[in-house]
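Structures are listed in the sections that come next.
Consider the two complexes below, in which subunit A is the common component and subunit B and subunit C are the respective partners.
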Partner chain A sequence: MDHFPAQDLIVGTVFLLCVATTVAGALLAVITTRIVRAVCGLAICCVGIAGLYYFLHSPFLALMEILVYIGAVCVTIIFGIMLAEPDLTYESKRDTTVLWGIVALLAGAAICWGLSRLGLQGPWPAPPAQVSDGSTKAIGVSLLSTYSMAFEAISLVLFVAILGALVIARAGRTKA
Partner chain B sequence: MSIIEPFRLLLFLVGIMAFVGLNAAYLVWVERKGAARFQRRPGPTEVGYGGLLQPIADGIKLLSKQLHVPPGADGVLFRAAPLLVMIPAMIGLAVVPFSESLVARDTNVGLLMIFAFGSINVMAIMLSGWSSRNKYAIISAARIVSQDVAYEIPMLLVVVTMLMATGTMNLNEIVQQQAGWFWRWNIFRLDVNPLMPLTFIIFFVCMLAETNRAPFDMAEAESELVAGAFTEYAGMGFGVFFIAEYANIILGCAFATILFLGGWQSPFGVWSGVFWFLLKMYVLVFTVIWVRWTFPRTQFYNLLNLSWKLLIPISLSTLILTAVVMKVLK
Partner chain C sequence: MKLLHAYEQADVFLVVAAFLLAVGIYGLIRRRTLIGMLISGEIIFSAASLNFMALNRFHAPDPTVGQVFVLFIMGLAAAEVAIALSIIIAVYRNYHSIKARELADLNG
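For the complex of A and B:
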C-alpha cells in the first residue's frame, strides 16, 4: 500500500478548511464593529487564500500572500489605527440607518443574483492546462518578459507613492 | 505521498516542539547564569546542582498561576495573541536543515517561508499590546511596529543579496554550496561581494532588533514601560511569550548559521554533521546573550535612525555592489 489511508478525504478536508477560513475571515472583517478585529478578520482571510494558492500548486504565491498581505498590509492598517483614536467609540444610530440598510441589502442581493446567474448559466471556458510549473523561476521569467510593462508600471506607481509620502512627511517639519 | 511521510512529519513536529521547549527552558538558565557572571555574582544556585533545576521550578510556578484577563480588555485577542506568537518560530524550524537529511520539509521556498511566517510575529505581539487595554502596553505595541518594520527592510535587502549570491531559496542547497573549507562559507565569499562580512553584521543586528532583544528591547523596556506589551499577562500567558522569544532567537541564529556560516558543513571539509550546526548556532546564541548584558538599551529615536540612516543605505549599496560584481565577473 503506497497511499496513506483516506488520503483523499484528508486532503479534501484541508481544502474545505481553507475555504471556510477565507469565508469566516471575510465575514469577520465585515460584521465586527471593532476595527482591530476587522483587521484580524482580513488577516485570517489572507491565510485562507494563501492555503487556496497552495492547493493550486503555487507555494511561492501562497507565501507572498502571507508576507505582503499579513506582514505588510495588515500591520500598516493596525499602525494607522494606533495613530488614530484608541478608544472604542461607537457611532450612535442615525435616523437613516434602517433606510441605508435596506438599500445595501437590495444592492447586495442584486450583485449576488447577477454573479450567481453568470456562474451558473454563462459559458465556462475549458479549464486551461497548467500554464507554467508555478516555480519561482517561471514567475520571475514571465515577470521580466511577458509582463515587463505591467511590472515597470507598478514600480513607477510605488516610486511616486514613496515620493508623495516623503513630501507629506516633510511638510511642516523645520530643520532641526 | 508514501505511507511513511505523515508519520515522519508527525515525528518532526514532536521533535521541534521538544527542541523549542528544552531550548527555551535552558536558555533562560544560561541567560541568568551568563548575566550573573557578567555582573560578578553567582546567579541561580538553590534548585538542583548549579541551579540546573531552576527552569522546572519556574515552569511549575508559571503553570500554577491564574490566567487573568483584565476587565475592559479584548478577551478574544488577548487569549489568541500568545498562541499566534508561537506559530512563526515553529513553522520556521520546519524548513531548517539541521543536517543533510534531518529536515522536516525540504522545500524550494524555505527561505521565503521563514520570512513570510516571521511577519506574523509582529502582528501577534502588537495584538497582545493592543488588546491588554493598558497604556504601557499600547505604547509598547506602537514601538514594536515601527521598530520591526524599520528593521525588516535592511534584513530583507541582505537576504536578497544572499539570494543573488546563492541563486536558490532551498536552504539545504544553500548549505551544500558552502561545502569544503571554511573560506567557502558565504560570509567569506568576497568574490561575490567584497563587503560580505559587513552584510553578516547587518543581518545579525537586524536579527537582534527583530527578536526584540537588548539593546533593542524597546518593546519590553522595564525601566520605562513596566513589561511593555506583556504587562497584563500573568502565569503561562507570559510564559508563552518568553518561550517564543527564545524560539525566535534559536530560529534567527539557525538561519544566520545556514545563510552565512555553512550550516552543517564542517570548517575543515570533513566530518560534516548536525553537531557543527548546533555548535555554530549556540555560539551565535551566546553572542546574543553576551550583547544583551554588555550594551545599554538604546534610545528609541537612535534605534530608528540607525535603521533608516545607516543600515538601509548600506544594505542597499551592498545589494547594488553584488549585482555589479556578479555582472562584471560573469
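For the complex of A and C:
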C-alpha cells in the first residue's frame, strides 16, 4: 500500500485547521480587553503560523517559531505584564474610543482588501530552476558561508539588546 | 476538492499574511497600553515572515534565502521585545502607568 487512505482529506483538513488557528489567535490578540488573554491569542496565532511554515516545506522554521515566539517572546511579555500591571485600572469609555475603533477598523479592512487583491491578481513570475532544496542542511551552510556577516551582526544586535535591556530596566532602582 | 489542495499555491498564504498585517495595524491603533501595542507589533512581524516564506516557497529559485531571512526577522523580533519590555518597565516605575494617553510629558 503506497497511499494512505483519505490522505488528501487529512492533509487538507490539517492545513485549514492551521489557517483557522492563525486567524482566530490574531483576532483574539487584538480584540480582548484583558492583556493576558491577548498574549494567549499571540501564542495561539504563533502555533498556527508554525503549522503554515510546515506546509511551506520548512520544518526547521516551524520549530524555531514555536521556540522563539512562544517560548521566549510570549513568556517575556507575560513577565512584563506581571511587573507593570496594565489591567489594574480600567479606563472610562470616551467618545473618542469608539471613533478610534472605527478608524482602526477602516484602516485594517482597507489594508487587508488592498493587499489581498494585489497578491491574488499580481502576475507572479514562474520560478526559474531551483538551485537548492531548502533543507535544514542548506540553511546551515548558507548561514555560515553566504550570510556569515549578517549572522555575526544579528548576534551583536542580540548582545547589545540584552545589555541595553538590563541597563534600562535597572536605572532608577535603589541599591539593596 | 480545490479547498483541500489550497496549500499547493501561494494564494491562501498571501491572504493570511495580509489579514495578519491588517489585524496588527488595527490593534496598534486600537490598543491603549504599551504592552498591547507590542503584541500587535509582533503580529505584524509574523505577517512579514509569512509573506517571505510564501514567496520563498513558490516563486524563488533558492528556497534557502527566505528561510534565512525569516530567521533574522525572528532574532530582531526577540531583541525588540527585550528592549521594549525594559522600556515599559522603566516607564511604569516612573509614571505608575503604561497607558499611552498618560505618557504626554514631551507633548508640546
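Keep this in mind: the second predicted complex is superposed on the first by the 153 of 176 C-alpha atoms of A that agree within 3 Å, B and C clash if a C-alpha of one lies under 4 Å from a C-alpha of the other, contacts with A are read in each partner's own complex, and residues count from 1 in each chain.
Going forward, a contact is a pair of C-beta atoms (placed from the backbone, for glycine too) under 8 Å apart; a residue touches a chain by one contact, two chains touch by 3 or more.
Small disclaimer: the values here were computed from a predicted structure and weren't measured.
If you put the two complexes together on subunit A, you find that subunit B and subunit C both fit without a clash. Contacts of A:37 after superposition: subunit B is touched, whereas subunit C is not reached. Applying the stated contact rule after C-alpha superposition, one finds that A:149 touches neither subunit B nor subunit C. Applying the stated contact rule after C-alpha superposition, one finds that A:64 touches each of subunit B and subunit C.
Residue contacts after overlaying the shared chain place A:72 against subunit B and subunit C alike.
Touched residues of subunit A were counted for both subunit B and subunit C, and C has more of them.
Taking the two complexes aligned on chain A, the least Cα distance separating subunit B from subunit C is 14 Å. Common to the subunit B and subunit C interfaces on subunit A are residues 60, 64, 72, 79, 86. Looking at the complex, you find that subunit A touches subunit C at residues 8-9, 11-13, 15-16, 19, 22-23, 26-27, 29-30, 35, 38-39, 41-42, 45-46, 49, 52-53, 55-58, 60-61, 64-65, 68-69, 72-73, 76-77, 79-81, 83-86, 89, 91, 100-101, 103-105, 107-109, 111-112, 115-116, 119-120, 124-125, 127-134, 138-139, 142-143, 147, 150, 154, 157-158, 161-162, 164-166, 168-169, 171-173. Chain contact summary for the complex, subunit A toward subunit B: residues 1-4, 7, 34, 36-37, 40, 43, 59-60, 63-64, 66-67, 70-72, 74-75, 78-79, 82, 86, 135-136.
Taken together, the subunit B residues at the contact with subunit A in this complex read 1-3, 5-6, 74, 76-77, 107-109, 112-113, 115-120, 122-123, 126-127, 130-131, 138, 141-142, 145-146, 148-149, 152, 169. Residues 1, 3-7, 10-27, 29-36, 38-40, 42-43, 46, 49-50, 53-54, 56-65, 67-68, 70-72, 74-83, 85-90, 92-94, 97-99, 101 of subunit C touch subunit A in their complex.
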